[in-house]
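Letters are used for the chains, namely A, B, C and D, taken in the order the chains are written, and counting of residues starts over at 1 for each.
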Amino acid sequence: MSYDFRSDNVAGAAPEVVNALAAASVGSADPYGNDPWSDNVTRRLSDIFETEVAVFPVATGTAANALTLSALVPPYGAVYCHDESHINTDECGAPENFTDGAKLVPLAGPGGKLDPDTLTAALGKAGIGVVHRVQPAALSLTQATEAGTVYRPEEVAALVDVAHGHGMAVHMDGARFANAIARLGCAPADVTWKVGVDVLALGGTKGGCLAAEAVVFFNPALAEDFGFLRKRAGHLVSKGRFLSAQLDAWLADDLWLRLARHANAMADRLSQGLAALPGAELAFPVEANEIFVRLPAAVADGLEAAGYRFYRWDGTLLRLVTAFDTPQAAVDGFLKIAKNLSEKA
Amino acid sequence: MSYDFRSDNVAGAAPEVVNALAAASVGSADPYGNDPWSDNVTRRLSDIFETEVAVFPVATGTAANALTLSALVPPYGAVYCHDESHINTDECGAPENFTDGAKLVPLAGPGGKLDPDTLTAALGKAGIGVVHRVQPAALSLTQATEAGTVYRPEEVAALVDVAHGHGMAVHMDGARFANAIARLGCAPADVTWKVGVDVLALGGTKGGCLAAEAVVFFNPALAEDFGFLRKRAGHLVSKGRFLSAQLDAWLADDLWLRLARHANAMADRLSQGLAALPGAELAFPVEANEIFVRLPAAVADGLEAAGYRFYRWDGTLLRLVTAFDTPQAAVDGFLKIAKNLSEKA
Amino acid sequence: MSYDFRSDNVAGAAPEVVNALAAASVGSADPYGNDPWSDNVTRRLSDIFETEVAVFPVATGTAANALTLSALVPPYGAVYCHDESHINTDECGAPENFTDGAKLVPLAGPGGKLDPDTLTAALGKAGIGVVHRVQPAALSLTQATEAGTVYRPEEVAALVDVAHGHGMAVHMDGARFANAIARLGCAPADVTWKVGVDVLALGGTKGGCLAAEAVVFFNPALAEDFGFLRKRAGHLVSKGRFLSAQLDAWLADDLWLRLARHANAMADRLSQGLAALPGAELAFPVEANEIFVRLPAAVADGLEAAGYRFYRWDGTLLRLVTAFDTPQAAVDGFLKIAKNLSEKA
Amino acid sequence: MSYDFRSDNVAGAAPEVVNALAAASVGSADPYGNDPWSDNVTRRLSDIFETEVAVFPVATGTAANALTLSALVPPYGAVYCHDESHINTDECGAPENFTDGAKLVPLAGPGGKLDPDTLTAALGKAGIGVVHRVQPAALSLTQATEAGTVYRPEEVAALVDVAHGHGMAVHMDGARFANAIARLGCAPADVTWKVGVDVLALGGTKGGCLAAEAVVFFNPALAEDFGFLRKRAGHLVSKGRFLSAQLDAWLADDLWLRLARHANAMADRLSQGLAALPGAELAFPVEANEIFVRLPAAVADGLEAAGYRFYRWDGTLLRLVTAFDTPQAAVDGFLKIAKNLSEKA
């Protein structure tokens, strides 16, 4: 047995989502999101978040993040974010593109998390009101983080307080939001709008959809011109039902959380098994579905030779990601080989 | 019986495409287009166009057009296009957005077509080399046109000659390219690269896919940095197989042409039936799957009252569009009611 | 004697302005517009316009126009303007650049002027609220127009009514605003904010400055973030006194109007002389300092042979522009030769 | 006596420059840079740099830098620069604006200088060719640096080697290039094109002009479309002679170097006097006209109380800048008070 742990975007799609898509493929429907599936998604998300939300489905997480930032930030604005955040490192300048030139201000923070003191200190040197400086306009948080950790509601609240206190809007990159909620066990509202998050880019793709993300505005009034921004970016899908049908199925009956719980459980099982090996060291607490682990070189090499795949993050630091469909057998097979290699080493 | 003739984007998706998508949903695959389905699409299009092409799937036609233009045109460039073209009227400024401010120069032309003399005259007044003027950089042709007509190869060739003679690249908006080829009966190469078209935005969505378009570069060298442009626009789908699996199935075994031939045949049947009614007048030759027809008001009203849907284009001018899945019974039912209404009027 | 009538930007600068600049060149002053000269300019313009204004000097008219539009228009916005307007034809896409891709909607109108019916009709087809269409956001008027005509206050009011009725802001390109006021004889307020103009790009360069324009906001609240927009466009001059000293001198003691009156008087003298020639025909009423005249080819050729310069606008249509410093002798010399040539012809 | 040492942009303009401007203000001249003064500037700079250059005057340093970067970098590009560089900290996002969203990658380095190892290490992690990452496209060096230090020719050469080896162009921000050359005593070519610099933004404003900078392309072929970029940014001055007349006078007879030598000499005198005070400490070698010095708080406070002005850079670190017109008496007066205060403390 072998398995690809490189990322949760190497996974396929959940059968419930695929079946819903197939069911939606027959007959006529109004285009551009004026269809029953899209209405359902808005209703479901309003229920899930316990408040009326405005929802805009798009096909990629990069679009969800960058479009959202473009709605929050003027072109002379600054977006404060973690220096390892996806928007800063892995979107080929999409945030700068969509915001027409706003600047990301990367901040360091352990375990992929920002902390309020670092943010406050950076804002203290920002030159607010000084015409030569880009102006703080948004804070971007990633939940779960790129390091596989999860912000607690009170951590988000503390960061939002600083941001709102400086007139900044708060964006949450939720490519793995489902994994965070599955871990926290709290209501989705508790870690978003109830603690001040303004807009969430909710990821469906990594969680079991084919290609579907939802920009969720907790204050629909803020979304007034978002439709135009989405259209001019080429992100208004004409047969909109095909994005919404995915999200509709994914959100129904807690499927999104059930899938995330599975991915998290597999990550727990995998990380616990690895942590028990001699010479292994977890770089961060495993709180979602990502594991960053240092393994002896011989073990890593042997696992690759056995057909398993993962990212060589940095030197001996490896990244392994579990997904909604990761079989327990794949985890166990991996651990078995790792243990054997470890004993030989 | 009733039917929605408003547009081919109210249609669902072809079963072959849906089935392929479902089949592609199982198991791991490399993300970001590095998957076997994507390779297949490139191979199929290279075969279909009888030349090696570089292919970039995206989810919307607006993205396909605007991204392509951004690869062809500097920000101080001008894109010459028909004044009724989709890029000029229906993309909320996406071409201006993606090109970072290039200017569309709309030209009039009967039947949705540009002609070489109009283009030549416009270029004569363009101020080429004059620093105060935007500089002609691309010609955009729509095939089939927004009026439902089709350029012949020699018509494209004549326009390309003018464009290339002025150092301009040639973009073809092929949202309904399949319908054009189905009508022309020529090889796809004959009306594209063999007559000088540089890049084709090939539309799959209207032709039976869920959401899939392909930017096709006939000279792969021109596409060198297109991947970066696509990524920073948020149009690189992470589970890329789900765009490519659609296109792969759609292009296989001439499905794309068979579906287009059906749509065209339904348009022929419908337009011929309508043309025979007293007081009816076709505005343009019906060469693809769009019909522009003037009908007496009582007839149009009666058809709507019977549940049929179509666009009120301009006053008494109606637009009806057939699709890959339009049932002949819908056409015949429509015509029967139209005839009855016509006789009463 | 010969003279260059091609444009008012071939002229030098008024001695009063040059002297003020020299006087301002000694000693220290706060940079970036925080200097006494800049304060003076704001005070003078508030007096001249009889209301508190916010003023932003820049070095070029293109910057003044394009920056202003960027403050009024979202990137998915549309700017309605005359099809011969400078922003549409002579700024190499600067408005599209500064607005991050907004679209100019050019409208025809005789004598360089827009009329309310044309504007209303265009807005009726704009698709307001339709996500596929750019959204009407600003009306741009040129005063005096590119045809050398001048809008009356009631003409501006009627256009503004349409614009404001559609939620659009109103920009006035006042590269030759001084000439318009000199002709109208009204208070500057009467043809600007009192009839609803929101922002004026007031031109000093053509009127006798070296390089100085002022963006004048009639509602300072609208200008809140203009300073950032100007800076990020590279249009905040570090030794700001050198822009403001020009404007300060130009606005003092009605110099701007006295210079404009001279230019207009020379245009009147020149146009009246030309109109009296056989075969000559003025294309537009001469209301500012620009003359569009058709002259027999032999006359035009002879004048050029004699060393006079003017623009060959279109075929036999010539453009002649007078300036703040055009000597009467140059006008009379031109007319004398024109008369001689005319008699020979 | 008091004096303003805050920056060299609080200074006025050199009499030679002002006189040249006044002389240029009379009579007609071709607009838009097609005037004899502009020709002179190109000729002078070609002589000074011992190679044929293409020159584009603009009114601000921000424009000179940002326009140049826009000519060198694609919108998905990355500009590597010092983290204290002006383009990164003091231009309100102008580089991001002009490049349509390229990203600055700030690197640390002592004394305001980059070093090749840091650059190489950063490029090693850049993800060249990876579609998710912005692509290294330009290196920006500041000469003299923001810390008042100066790159030696061999230092520039080593950095250029790394940049060119990665296919990056090299931009030099020369707002204080004159001060650097005055210090180095080398030929201007020796520290620019002969060691691989591609484009220099040569600053005249800080050195004695009113508002004039020159973008200098060492390879004129690279400048082919720069005229369009400048125009669409509103930086083509219509009465172009007024920029060029400044530069023409400033470059004539080594005036630019003479003025810079004076500023440098005043900085030397000032820094040497300060360094001799107890408790004073120069933060960086004084190699141009900027001094960064730590002074006891009582001394700094007393100097301000005496009417002298300087920047409180960071805590007790002060910045003092001398200019082309700084009187020796101002320096000596400052030092005398500083000494008195120091003795009392």
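Note that contacts are C-beta pairs under 8 Å (C-beta built on N, C-alpha and C of every residue); 3 or more make two chains touch, one makes a residue touch a chain.
If you want to know which protein each chain is, UniProt gives these names: A, B, C, D = L-threonine aldolase.
Every value quoted in this text rests on a predicted model; they were computed, and no experiment measured them.
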item: Which of C-D and B-C has more C-beta contact pairs; value: C-D
item: Centroid-based (C-alpha) most distant chain relative to chain B (L-threonine aldolase); value: D
item: Centroid spacing, where centroids are CA-atom means, of chain B (L-threonine aldolase) and chain C (L-threonine aldolase) in whole angstrom; value: 42
item: Chain C (L-threonine aldolase) and chain D (L-threonine aldolase): spacing of chain centres that average the CA atoms, whole Å; value: 34
item: Junction residues of chain A (L-threonine aldolase), two or more chains touched; value: 75-76, 91-93, 97, 100-101, 131-132, 228, 231-232, 236
item: Touching residues (chain side chain C (L-threonine aldolase), partner chain A (L-threonine aldolase)) in the complex; value: 32, 74-76, 100-101, 131-132, 135, 225, 227-232, 236
item: Parts of chain A (L-threonine aldolase) lying in touch with chain B (L-threonine aldolase), wherever the complex brings them together; value: 3-4, 7, 9-13, 15, 18-19, 21-22, 24-31, 58-64, 66-67, 91-94, 97-98, 205-206, 210-211, 228, 231-239, 242-243
item: Sites on chain A (L-threonine aldolase) touched by chain D (L-threonine aldolase) in the complex; value: 75-76, 89-93, 96-97, 99-104, 131-134
